């Protein structure tokens, strides 16, 4: 069975986006890439920093409200529909709820062939990269590094602490059918 | 019947994105906003500037290849599925194929309540704004200004030549049920 | 005497950056463009949102501290030195202190031929454009629209409320020697 | 004598910008950061992709014309003037001309206390990071990796191939007086 969706899960600044771009470059067919950032960009500005939407606290905590969850659920359905309609899709996710987050996706992806990928990165290294990037709220990397993997089950796991994005992408690509 | 999808069509630098942000601000419920730019961002870098993907010629012409069309069709299905799953969706589109482009969307949106919006802008004014923005290939505004409206049917039409984004958004919002 | 520096002053979302890009396009010689945004980007992340640096309050107020002022003074000296060394320079500024801000620049620019340009925009229109842009703290446009022009003296004044960036740029260019 | 200017030289995608942001975070005083990218952003759009300005060839080669050199010289003077006026300055540079490029800066910086820093990165690793970033012309990393260091003399050298930005920044900071 051919892989239809690749889901990458990892904390902020763990290096997921870089791996995704390398995956798009090394995989023989064109794959669409989207993720949590795409969804947040699609939301009204007022949903950011609000109780019902998504809030990026000064300490790096991300708090997600009920309105965000409703739109997210519809967005997940849409992503699955793209895959069913024939687009190969790479999803770049942050499972803030660990195993619960994975189950939400598993339910929606039920009939699709999915490759689950865990992207690990040492918490202190991710925190340093967060400062080096300069475009994220400081603290997100540290607060998410381990939480997002709690109870999550993977087909492949990569660790960007000592491995380049391209090498991680090649390791993942080897599991894509 | 409640409006489920708003489709805005207009040439590059006609002011669609600004209207979309104002619409998200004035509409009472949260609406997701996405469009051609979202799709292009999701594609592999190699699909840009390629015969099979999308090419931005130095003169502002945009040429779309067969691989792009296949991914686009799946993406359109996904956007419609988001709306069916309960997300209100604003689509920011450039109908390079005029009436053909609209028919592609109409077919996919068949059972959904859609508000079709034409965003016009005088060609010379759009060309000036393209220079003022500084982030687009020069020539796109002029080459798309009229072509994209050929044979397209609308529920509302706005013209940004002499009207601010917010005022256009309010005019459109008045037609949203 | 040839114009060596063009200083544009106006509130946030008054349309200065668009005019600057159009000026660079219509002026016969190459001009370097820089401004407050360039300076803020150059500062350490920690200087933003700090008592001693620059703070963007949630209501759109911009508060500038003593450390920011020290770096700004050195930056102004540098900009003047670029002009003395032969680069034509366009400065895109927000005179939060009105006449005091202008005097700081006048003192530094003493021996240079300067064209002072006021960029006006109706407060409500600028506030609407701020929402349409989607990348600024809401409230800056309204809070700065009039304050920045208090006591400031100009060679040319343009108003973007009903005039396109390109047309404003042409009006300014007509005063450049 | 206190360090007044830090000049980092390295090829595209060697990791200079990340190191600069980390340096700004770890150094006890506020430092302004600027570089080649700042200069290119300041230039008219028409100077890019022109014979007289700067051209980014599809193969990653960067060609710099005479008009660019004139503006660059004035810009260098300005940067030195900022430092003389009391701002601590970090310069993020790509010495396309190797030793000639360094001499241009040395001449301008004559009376200032400078820390010269070489930022190395294995060519293949830099090329992989260029793909992972997704915002650079492919080929720049490989074409610049070694050329930019030819004949250049440093006070400190770091290598990002196996060392994080933050660690490199700490090594550099140890040489700042």
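Chains: A, B, C and D, in written order; residue numbering restarts at 1 for each.
Definition applied: contacts are C-beta pairs under 8 Å (C-beta built on N, C-alpha and C of every residue); 3 or more make two chains touch, one makes a residue touch a chain.
Bear in mind the structure is a predicted one, so any value in this text is a computation, not a measurement.
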**OP:** Just grab the chain with the largest centre-to-centre distance to chain C, centres being mean Cα coordinates.
**Re:** A
**OP:** Over half of interface residue numbers shared between chain C and chain D means same, under half means different, so which is it?
**Re:** same
Original post:
Of the pairs A-B, C-D or A-D, which one shares over half of its contact pairs with B-C?
Top reply: A-D
Subject >> Distance from chain D to chain C - Cα centre to Cα centre, in angstrom >> reply: 27
Subject >> Gap in Å, rounded to a whole number, between the CA centres of chain D and chain A >> reply: 32
**OP:** List the centre-to-centre spacing of chain A and chain C in whole Å, with centres computed as mean CA coordinates.
**Re:** 39
Subject >> Interface hub residues of chain C, defined as touching at least two other chains >> reply: 21, 25, 45, 131, 134
Subject >> Parts of chain B lying in touch with chain A, wherever the complex brings them together >> reply: 21, 24-25, 30-34, 38, 41-47, 53, 67, 70-71, 73-75, 77-87
Original post:
Okay, in this complex, where on chain D does chain A touch?
Top reply: 15, 17-19, 21-22, 25, 125, 128-129, 131-134, 162, 164-167
